[in-house]
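Note that the chains are named A, B, C and D in the order they appear, and that numbering of residues resets to 1 at the start of each chain.
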Amino acid sequence: MSSMFFQCLQAMLMLLMAPVLAGFLSTLKARLQNRHGAGILQPWRDIRKLFGKEVVLAEHASWIFRFTPYIVFTATAMAASVVPALLLDTPLSLTADVIALVALLGLARFFLALAGMDIGTAFGGMGASREMTFAALAEPAMLMSVFVLAIGAHSTNLTTMISHTLTTPLLIQPSIAFALVAMLMVAIAEAGRIPIDNPTTHLELTMIHEAMLLEYSGRHLALMEWASMVKLLLFSTLIIDLFIPWGISVESSFIGVLLAFVIWLLKLIVLLVALAVLETSLAKLRLFEVPQYLGTAFVLAFLGLILHYMLEVGA
Amino acid sequence: MNFFLATLLTPLIGGVLLAMIRNPKLAAKLNVLTSCVTFTFSLLLAFTVLGKDSIHAMNDWFYLDAYNVFLVSLTAFVGMTTTIFSKPYMQHELEIGRVNERRIRLYHSMYQLFQFGMLLGFTTNNIGVLWVSLELATLATVLLVSLYRTPAAIAAAWKYFILCGMGIALALFGTILVFFTSSMVLGHGNEALTWSLLHANASDLDPAVMGIAFCFLMVGYGTKVGLVPMHAWLPDAHGEGPTPVSAVLSGLLLNLALYALVRFKMLVDGSTNTDMAGHIMMGFGMISLLVAAMSLHKQTDIKRMFSFSSIEHMALMTFAFGLGTPLAAFAALLHMTVHSLVKSGIFFTVGHAAQMMGTQKMSDIRGLIYHYPGIGWGLLIGTAAIAGFPPFGVFMSEFLLFTATIESYPWLAAPLLLGLLIGMAGLFRFVQPMVYGEPPEHAKDVRVNMIPVYVHFGLALLLGLAIPAFLSDWYHQAASLIVGGGA
Amino acid sequence: MSSMMAQQIIDGLAALTLLISFALLAQHRMLSVLHWFAAQGLLLAITAAVVAYSSGEHELYISAIMTLLLKGLLLPWMLWRVIRELHVHREVEPLLNSGVTMVIAVAVTLFSFHVIQPIQVTADLVTHNSMAIATACVLLSMLMMITRKKAITQVIGFLAVENSLFFAAIGATNGMPLVVEIGIAFDVLIAALIFGLFFFQIRDTFDSMEIDTMNASLVHKDDDE
Amino acid sequence: MMQSLALSVALLACGSVIMAAIVAPMLQHQQNIQRALLCGLLGLTGLLACAAGFSGLMNDGGNIILPLGLPWLPMHLRVDMLGAFFLLVIGVLVFPVAIYSYGYLKHEQRLTPLAIFLPLFVLGMMGVVLADDAFSFMIFWELMSVSSYFLVTHEHQYIENRKAGFIYLLMAHMAGLLIMGSFATIYASTGSFEFAAMRDAEIAPLWASVAFLLAGFGFGTKAGVVPMHGWLPDAHPVAPSNVSALMSGIMLKVAIFGFIRITWDLMGSGDFQWWWGALVLAAGSSSAISGVLMALQQHDLKRLLAYHSIENIGIILIALGLAMLLAEAEYPTLAALGLIAALYHTINHALFKGLLFMGAGAVLHSTGSRNMEAMGGLIHRMPWTAALFLVACISISALPPFNGFVSEWLIFQTALMAPQLDGTLLTAMVPFSAAMLALAGALAATCFVKVFGVVFLGHARSACAAEAKEVDVWMKLGMAIPALCCLLLGVLPALFIPLLDRVPYTLLGTSLLSTLASGSGSAGQTSTALSWLWLTPIGAAHASYSAPIILLGMLVLGGLVFWWLHPKGIVIRRSKMWSCGNPHTHARMQYNATSFSQPLRRIFWDVYQPEEHEHAERRQHKLLTTRVRYVVHVSDMAVKHLYQPIGRFTLWIAKALRHEHQRDIHAYLAYTFATILFLLAAFT
């Protein structure tokens, strides 16, 4: 029963921590850019404020538009809750393996894109078109890099994969290095960060994700924003789980989980700092350079897979 | 009563009578009646042979075995349905002035004469008489082809006459060569030309002479079969003659020529004990198939097009007989039957369609289904049947043929397949626009008798779904006879 | 007459027949073609009579008489009528240069002998020779049909083929059975009648006896051309 | 001869459909009765086929010999596991399509041709599945092809329909001949047309390969595998939509069935050679990718769906290819998994593609157009159709909790669990095919966002879309049934897979569940009592997926959030759209199908080689543009570089031959002369 408790705790944590970490990231970036920044809790304040605001819908928004925020949020939250962040073996982690996880995010994106097209603005369609196009390229790359590990572990269950990494002796595996690079590249793209997309800008012809949210307001917008923050956290945690899982609690004891939490937080901070540095130092890519970027990620991941077969299994 | 004589004399007497009757309507009725009587006699004839291996009649002059019994009935049957079809058809031609009453008289008389020639050819046991009857049938059809007396009809008949005359002369030379060697074995008399005796003594015949003879016979009768490259007369004769004549040319006359060729092949096989004859036939079959199938793609005249389809199918049968396995021979015999039925049925439909649209030019024939659904669907279904789609019998025979090919010469299956495919594409390329879409302004209503068409297609369908046991037995016997050679 | 002598006579007749075939091929004038054709018919009748005499097959006398009447007299006469009626006795250019034609003809004759060679084993020399000559004649007559433009010369070529066949039948096999013989003769007669019929129709329809003009009516033009 | 319930029911189904083909055409003058009879009997057939399929899968099938065909080759019919499964696939789509047709055909003027050929078409498909000898198989196979040809050309007044029908018939005939060749090759080694004898016989490896290739190309043509797919995108759109649903939903599957029948059943996995699976895998991957890439560039709704059929056939083939590779490498359990994945995707695709075509038909019925650029905003006019169509869109995009995801998940599992195979090429191919599958799946999602977004969302782009009406209850019902099945198969795969598991048992001699039961049995914490909840094909430790829990979790969570956030009793304010402060936009300024796919067109420029034409009308000065016209056309590479050259070549030969047929008589005499000389020279 305690595992059930920790499961709930972990899921809540993922949801609640997401805005905090998003705030941390933007503050960090502000500092790096010699600004003061709005503070770590600013995203939480935004969300709370938006929850209180009135929703205004466009005249002929259909039910798709109204339900999408809930579907997007739920699917993202569902995905987040199956990723082991603190505890290795949680009950829910069996309900969806890593493929199902990707598919859940895909479901969220599917509805997001539909909502973008529902109102019939030029921007919405544009955002949907670009989001789906780039996702179509990113998704295989991500699956490929996950597969490198999955094949090694003979499993697509995150729990099994993590424990496989934990139990095997630490060796330098070129395939995993390739997979890691690919995964990082994809994660940046999927989370809509620079150099692919810029979440802090609106009204640019280069925007992708935000273009679909233009018509949202009030609690709908809040859910959407929240979901995208959860997604960032989800990807970070996934990278941690797959590549540097050491420190995760194997048994469901309170101490162990607490320790795991601290380690997880530390690892997250490292990742986010790296991201902040990256975002500050890089300019956004031109839109049609994105496919090349994603293509590179895909090729890297695929090379990792081949290397895995050639060098590591055969040897 | 001797049904041989009855079957043969009925069309002969009918032909003489019809030459004297001036009233076209009465003549048409008598024509139908004569054919019906002929058919009845042929059925009785077939019935007498049922259950026996073969019967000989009148001093071995006539002969009926499993190989020709169904061909006799088939000939009489298609001959009968064609007269039924031709009644309204020729009436219409008379009304629009394409023929006059004298020509109609010629038509009816020659038609029966042609029937006589055909039946004589199928029943005779004498290879000399076989040649004579084929020549007779040819001469009769030459007159029929030129019936309209248009420049094109005259030219086509001339071409037909010269090319087939030439071919049939070569066949006669082949026959003389056979006689040359057989007279040394069987004596200098009619016996040396009697097929059943020749077949029984085939191993004594000089293989060298028989080889040369077969070359001449192949080219000679092959011309009549319509094998490439001796086929040039065929499309013109089909295209320019009256449609009933096209129907019987395709459905019957070509069969007789091929029948004769196969009879000789049995003798040659028995004499030489090699596959030489078979290989020659396969070669002709394959080349003809491919050329005919390719030629289908560039046609303007509807009857010419279907005549190329006839070449294609005769080529298939030639190829199948050449293969020389029981399965292939079975397939060829079945194919002969269904091709006759379906192709003549198609020509009936085409005839009505051409009358409706007032032209044989395919680009002017449109929207048959709208204009007269029976004809449109008839043409479409008939084309599908002839192209080898089930559940029609053509499919069954092509299936068996294909299997037989893969069994004995697998690499030949590829060109065979290609030929069938190209042929089918060629047919549908032109048939589709004709049956579908909107009819042109000039379409008119004509008297149509679709019953023969339905009967033909119905029989082809029946043969595709379930072949009656007696027919299958005949095919089997005939196949083993054909394959067995001199044994 | 000994059989030896009969054989020699038949051999000689065979050589003559071959000669006439060459002559037919070489001739350009319509009337002389006709003359040679009649001569061929006559020769056939003589051959038949000689064979009948030497072999004792009396049926062959009937054949000989039929041949004389039909091929020596009736058909040439009919053709002559046609030529006169249609005014086609002008000289005609053959499709092929006559020198080339002759070279081909010689080659074809040699080829026939070559082809008939294997038969020698079973048959005696005479029939072998006449068979080879008959084959050559058939092929030469075909060559004549191929190289001549006019419809009438084609028909003469066709009838010459028939003659060669007849020669093969009597020269090599001592004649076919009578029934068949009569049947064949009957067919040839009908064919000739039909030919005659056609000549007039062709003239009426085409105003010319040239084959090329006839062919034009069979050319089907495409819509897209 | 062994009678059984399944066989009797299957024969009843055939009887019912034959009855429809005979009786319905006779009622030409009472259109309503004719339609009711046709659809009623078809529906009955569907139900019976379902029942036969189920009972065949549950119990043993039977066989029967009918006195049709050749006397020495009577018609053998048999229900086995494989056949029963495909009977189920047929039935499960025929039934809703029959209901749908009752509404769809209401205004059909020429019902009689449909009343003949629709039942014959269904009969052909069922016959193929039931056939137990090569000859009956071919008869039914061609019956299916021909009758569907007549259905494709049903609206023959349009020239494009005739062209589509022609190319369809041609390719179908080619397929038929190739399949015939395959059977004939097996026959040559066995001497019998009966499947029972073919199963037992040994075939030399060379001939087995020939038979495999012939079958592969034959069935591949019919299934629409690239590059033999040329007929498919033309034929499916022009057929009446209920027919398109059947063609795309089942007919392509029957081709897959035939392929499995010949390779797995008649030749058997013992005969497999390593390159067979590789070839199938390669064909599947290329079909999946090219299908979806071409689909993305279409703006004809049904044509787009047709290209997606090519993609999904590719996916099925990927699974089959994996299974063949694994079976050849002697991993029967994994091979069984691959086969199950293929079969699962087969029934899934039948359901959602049938639903999509029915939805497209409903749209066509209401707007009179297949052109997506003329639609928009239909979700307001046709809410039911939109919702059901959305279900199919999600399913085909392989998103949870619907069925498409389950089968793709199974395929991924097969690919990932595959051990190292012999040879680098094979080793690289397996993950590569998985990558292609991932790419295809993601692109499919893109494509269906485009479809649903352009057709149902936004503003109406034309008057016909603005005045569209919801379809009647029959059509809605017809669409609702497969939608429900999509959900059920998506949520409860664990209930369905044991049923499917019997198919590999008969083909491979092993099945997934039996191996698991006899093996380690380490089902982890999931007890057998809860097995319906979890999908754990190889073992819970390796991979698991629980659709019910995910669905439940999402419903609970979503409900909670909604309940928590949704203010009670307050009507949401509606206003003009914001559109970045410029609400006065025209409907034509929306993203449409062409613009939606513009980024992909640009990314895959070299693959598409689109033809672009830009035309601007200007008034005096080049800056005073009054009208701009942009046309882009993406043509199918296979058609452009394969089909058209072949067609041109054939015509070229035909033309040359026609000249040969117009020479004068001397030439022909010369031919005869030369022929006789040649024969004499060559053969004596």
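Here, a residue touches a chain if its C-beta (ideal position, glycine included) is under 8 Å from a C-beta of that chain, and two chains touch if they have at least 3 such contacts.
Because the structure is a prediction, the values reported are computed rather than measured.
Interface comparison, C-D versus B-D: the higher count of C-beta contacts falls to B-D.
Here the spacing of chain C and chain D, counted between their Cα centres, is 68 Å.
Chain centres here are Cα means. That of chain B falls 44 Å from that of chain D. The mean-CA centres of chain B and chain C are about 30 angstrom from one another, to the nearest whole unit.
Chain C has its Cα centroid 98 Å from the Cα centroid of chain A.
Multi-chain contact residues of chain C (touching two or more other chains) are listed as 115, 118, 142, 145, 154, 214-215, 218, 220. In chain B, the residues that touch at least two other chains are 158-159, 162, 166, 170, 208, 212, 298-299.
Chain pairs that touch, as defined above: A-D, B-C, B-D, C-D.
Against chain D, in their complex, chain C makes its touches with residues 95, 108, 111, 115, 118, 139, 142-143, 145-147, 149, 154, 211-212, 214-215, 218-220. Of all residues in chain D, those touching chain C in their complex are 662-666, 669-670, 672-673, 676-677, 680-681, 684.
Those residues of chain C lying in contact with chain B across their complex are 57, 115-116, 118-119, 121-123, 127, 131, 134-135, 138, 142, 145, 151, 154, 158, 161-162, 164-165, 168-169, 172-174, 176-177, 179-180, 183-184, 186-187, 190-191, 194-195, 198, 201-202, 205-206, 214-215, 217-218, 220-223. Against chain B, the residues of chain D that register as touching in their complex are 67-72, 135, 138-139, 142-143, 145-146, 153, 156-157, 159, 162, 165-166, 169-170, 173-174, 177-178, 180-181, 183-185, 187-188, 210, 650-651, 653-655, 657-658, 661, 663, 665, 667-669, 671-672, 674-676, 679-680, 683-684.
On the chain B side of its complex with chain D, the touching residues are 158-159, 162-163, 166-167, 170, 208, 211-212, 214-216, 218-219, 223, 229-230, 232-233, 235, 276, 280, 291, 294-299, 369, 384, 387-391, 395-396, 399, 402-403, 405-407, 410, 413, 417, 420-422, 424-426, 428-429, 432-433, 436-438, 464-469, 472.
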